[in-house]
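Each of the next two complexes has chain A plus one more chain, namely chain B in the first and chain C in the second.
On to the complex of A and B.
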């Protein structure tokens, strides 16, 4: 276990070097969310209404979505695809580390670093938007919410790791990767709350596990989720299942690995 | 006076012929990778499709957004796609690669070549296919919206095209300004994330903004003008004020962008020499 904490600390130092760039991409993200807040405001000003959501519910939804974007959603596949395609993945074959655990620690340190930055940004935004924020009324909500974020983080990493492993089978995996990531993003509820979808899409979204990344934690926070405990258990089961699945796929991938370029 | 005009015309012709050689060269390059091209087009159409779904879901709940109905919004969304495609055909890709040129010192060659560095950067990697799916889908959406709007007039098309070019200039000026920071950061990926969000947020009508936000998205991050102005013209929603504002912002921002860029160039410290 200690070696993985070393991986964590080394990458934490590495992440700290990218304060400037991370801050700038965060600004871009703030821009995106602020525009959406104006969009919802315009709709509600015009007497429009989206589903069961009040204006403050929606504003809270997107502020939380921004936090989740940084803390939960994983982009590990970028590095994984590069390492497999360029052959640097070979280094991991001779090291006494499990690539899944190694990538998880790298992802974990990035997410903590980005999380710290996004919390500062959302803190500032919330200060201006305070009258428009829906806060939980029950204390256990916060506890469930944090649990849901942690499970969401595990699941998001697992999905993105799986996408990264596609590089063992596909030489040019990037376009496919973007589309898969966006499908996950969409069915996670990052673009729009899932209960605003047309009935057919809603059914699909309910079956898929992606809703545990974004929609489910936010519903808990807004206290709109009728079965938080069942949901948390289901997410945990998905996490355990995916862990064994990924270890299996990783072994298959290594058997196929050709060490291109090395 | 006449001498200046002559000189300007000669420069223009020279840059057009330079652009043509860069374009031919890049097209030949792109044609080698046909599979990539097909994938890129499919991916673009997919992403534009998601945008359409997004608005379709919103319009299932509301009649208008900021006064724009669904078909008018389709012209708006489509216009962003068209602007993006023309941008890739003229300047966008260069900015995405700028960080790499600077890190490796290859930017030296651009400074010494007998053409303006910003033009060289723009033309070096013009791409037809990078955003072609978006452009085609954009055109289709504009056409679809246009066909469903009784108030849309054919006579507005030339004016629409003029304002599209004006939007392109605003886009270019914004890219120049943001990317000027690369000479300090030596990394351009995150800067271009900001540019990405800038153009990505252009698909919402300008009317959603109020107060400070309106000023911000007009003068500082002028994304509210990029698609709204041309789309407003095509859908018969435009007024003189909006057009003059867009033209003015383009002129001021472009002068400012070029000034900031040229000033920043002096902070370039070559990596290779």
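On to the complex of A and C.
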């Protein structure tokens, strides 16, 4: 276990090297939220209304979406695809280390690092936005919300890891990667709250596990989620299932890598 | 007992031919012509503990494929490999803790961090206890003169410094077997020299079994008493470098510098002259005729300087490669 904590800390040092770029991309996200704020403000002042959402619900939705973007959503597949395609993946085959666990720790350390930065940004933003934010009324909401973030983080990593493993079979994995990532983001509710979509979409989104990444935690925070406990349990089950699935796919991928070489 | 035991090892890659252009790509989705490429063919050899053996061969000869099969990165299509009693393809943790592979073109150091961080990571991945780690590190740092570089980000290191650090990272767990794939590739002469010296010293001190590939003759000449020459996937020679030249080369080279230009005229047209101008000449002479020829030349010509040299190993190798044309054809 100790080795994976070292992986965590080494990548933490690595992330620190990127604090500049991370901060700048965060600034971009903040800017986007500010623009949305003006947009929704104008729409709602013109007596417009989106589904079940009050103005402060929507502002809160996008603010949380920004937080989740940094804390939950994984982009491990970038590195995984590169490592497999360029053959540096071999370094993991010859060392006593499990690639799934290793990649998880790398992702975990990135997410914590970005999380710290985004919380600082949100802290500053909320001075201006406090009147617009919907805060939870029940204390257990915060507890459920944090649990949902953790599970969302697990699941997001699992999906992205699976996407990265495509590189074992596809030479041009990157094109598929973008397509799949957009589908996941879409059904996660990263673009628009899922309950604003037509009923058919909503049914599909409900069956798919992607909503646990973004939509589900935010609904918990807004106290709009009717079954938080069931949802958390379902997310955990998905996580466990995906873990075994990924270990299996990784073994298959390695078998292919061993045969083809790089 | 042999540390490395390879019997009848064969690796065949299945590849597909793709017709050029978009149409070819679409066609390729439905029907592709498969063809097989035997990268390594029925190779057998074994290495004893502490040996330092060089793999020689041109690009694509199968050297890297062999090393990859020995480290468990590739599985053999056919045949047997055992290293330290393990089957590498099983990737037993106990095996992984006892060997290392350094690939000159595939780095494992973290680009944006000082090498010390990568070393610490390997320490914990291999479960080396801190004391052993520190003494192994100190020893290599002084051998390679890396003291001032441990805390400089890898991206700021020169290629040679980086290669030294790659070696350190690979050796921190004190492997019993070390595979080096082109460890000096792209390095300047001085760095090559340093790395070579280190490998030699390390092998001598630790009795680590080392198998290295290189296209630089110098590497092999200085380091390896035994070489395996591989060409088109087959081992064509297994033995010492000296025997290699005895077996394949039956002549020596005589180099002459003339004291006066008239001498050149005498030599022109003579058998065995490979190079000739007004000031010097190079002759290829059968080994048993060297003494006689030298004597005759010195007696007859105004010669300022004369030397008798062995044919360079480079040329020996080139000979071997030319002698063994591919019979498979693609």
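Going forward, the second predicted complex is superposed on the first by the 257 of 262 C-alpha atoms of A that agree within 3 Å, B and C clash if a C-alpha of one lies under 4 Å from a C-alpha of the other, contacts with A are read in each partner's own complex, and residues count from 1 in each chain.
As a convention for this text, a residue touches a chain if its C-beta (ideal position, glycine included) is under 8 Å from a C-beta of that chain, and two chains touch if they have at least 3 such contacts.
Not measured: the values here are computed from a predicted model.
Novice: Using the overlay on chain A, decide if chain B and chain C clash or can fit next to each other.
Specialist: Verdict on chain A: chain B and chain C fit.
Novice: Please work out whether A:97 is in contact with chain B alone, chain C alone, both, or neither, and reply first, second, both or neither.
Specialist: A:97 sits against chain C, while chain B stays out of touch.
Novice: Check whether A:38 is in contact with chain B, with chain C, with both or with neither, and answer first, second, both or neither.
Specialist: A:38 sits against chain B, while chain C stays out of touch.
Novice: Would you check which partner chain A:197 touches, where first means chain B only, second means chain C only, and both and neither mean what they say?
Specialist: In the superposition, A:197 contacts chain B only.
Novice: Kindly classify A:22 by the partners it touches after superposition: chain B alone (first), chain C alone (second), both, or neither?
Specialist: So A:22 only meets chain B here.
Novice: Rounded to a multiple of 10, tell me what angle the C-alpha centres of chain B and chain C make at the one for chain A, in degrees.
Specialist: Once the structures are overlaid on A, chain A sees chain B and chain C at 80 degrees.
Novice: Name the contact category of A:126: first (chain B only), second (chain C only), both, or neither.
Specialist: Once the two structures are laid over each other on A, A:126 reaches no partner at all.
Novice: On the A-aligned overlay, A:247 touches which partner chain: chain B = first, chain C = second, or both, or neither?
Specialist: neither
Novice: Return first, second, both or neither, reflecting whether A:182 touches chain B, chain C, both chains, or no partner chain.
Specialist: Touch partner of A:182: chain B, not chain C.
Novice: Does chain C touch more residues of chain A than chain B does, or is it the other way round?
Specialist: Counting contacted residues of chain A, the larger count belongs to B.
Novice: Identify the partner contact of A:49: answer first if only chain B is touched, second if only chain C is, both if each is, neither if none is.
Specialist: In the superposition, A:49 touches chain B alone.
Novice: Between chain B and chain C, report the minimum C-alpha distance in the superposition, expressed in whole angstrom.
Specialist: Comparing every C-alpha of chain B with every C-alpha of chain C, the smallest gap is 5 Å.
Novice: Which parts of chain A are touched by chain B and by chain C alike?
Specialist: Looking at chain A, the two contact sets are disjoint.
Novice: So in the complex, which bits of chain A are touching chain B?
Specialist: Spelled out, the residues of chain A in touch with chain B are 20-22, 24-25, 27-29, 31-32, 34-35, 38-39, 41-43, 46, 48-51, 172, 175-176, 178-179, 182, 186, 191-192, 196-198.
Novice: Quick one: which bits of chain C touch chain A in the complex? Just the residue numbers, please.
Specialist: Answer in residue numbers: 13-14, 65, 68, 71-75, 89, 91, 93, 96-97, 99-101, 103, 106-108, 110, 112-113, 117-118, 120-127, 153.
Novice: Over in the complex, which chain A residues touch chain C? Could you list them?
Specialist: Chain A reaches chain C through residues 2-3, 5-7, 10, 13-14, 17-18, 86-88, 90-91, 93-97, 255, 257-261.
Novice: Name, in rising order, each residue of chain B that touches chain A in their complex.
Specialist: 35-36, 39-40, 42-43, 46-47, 50, 54, 57-58, 60-66, 185, 187, 189-191, 193-194, 196-198, 200-201, 204, 207-210, 213, 217, 221, 223
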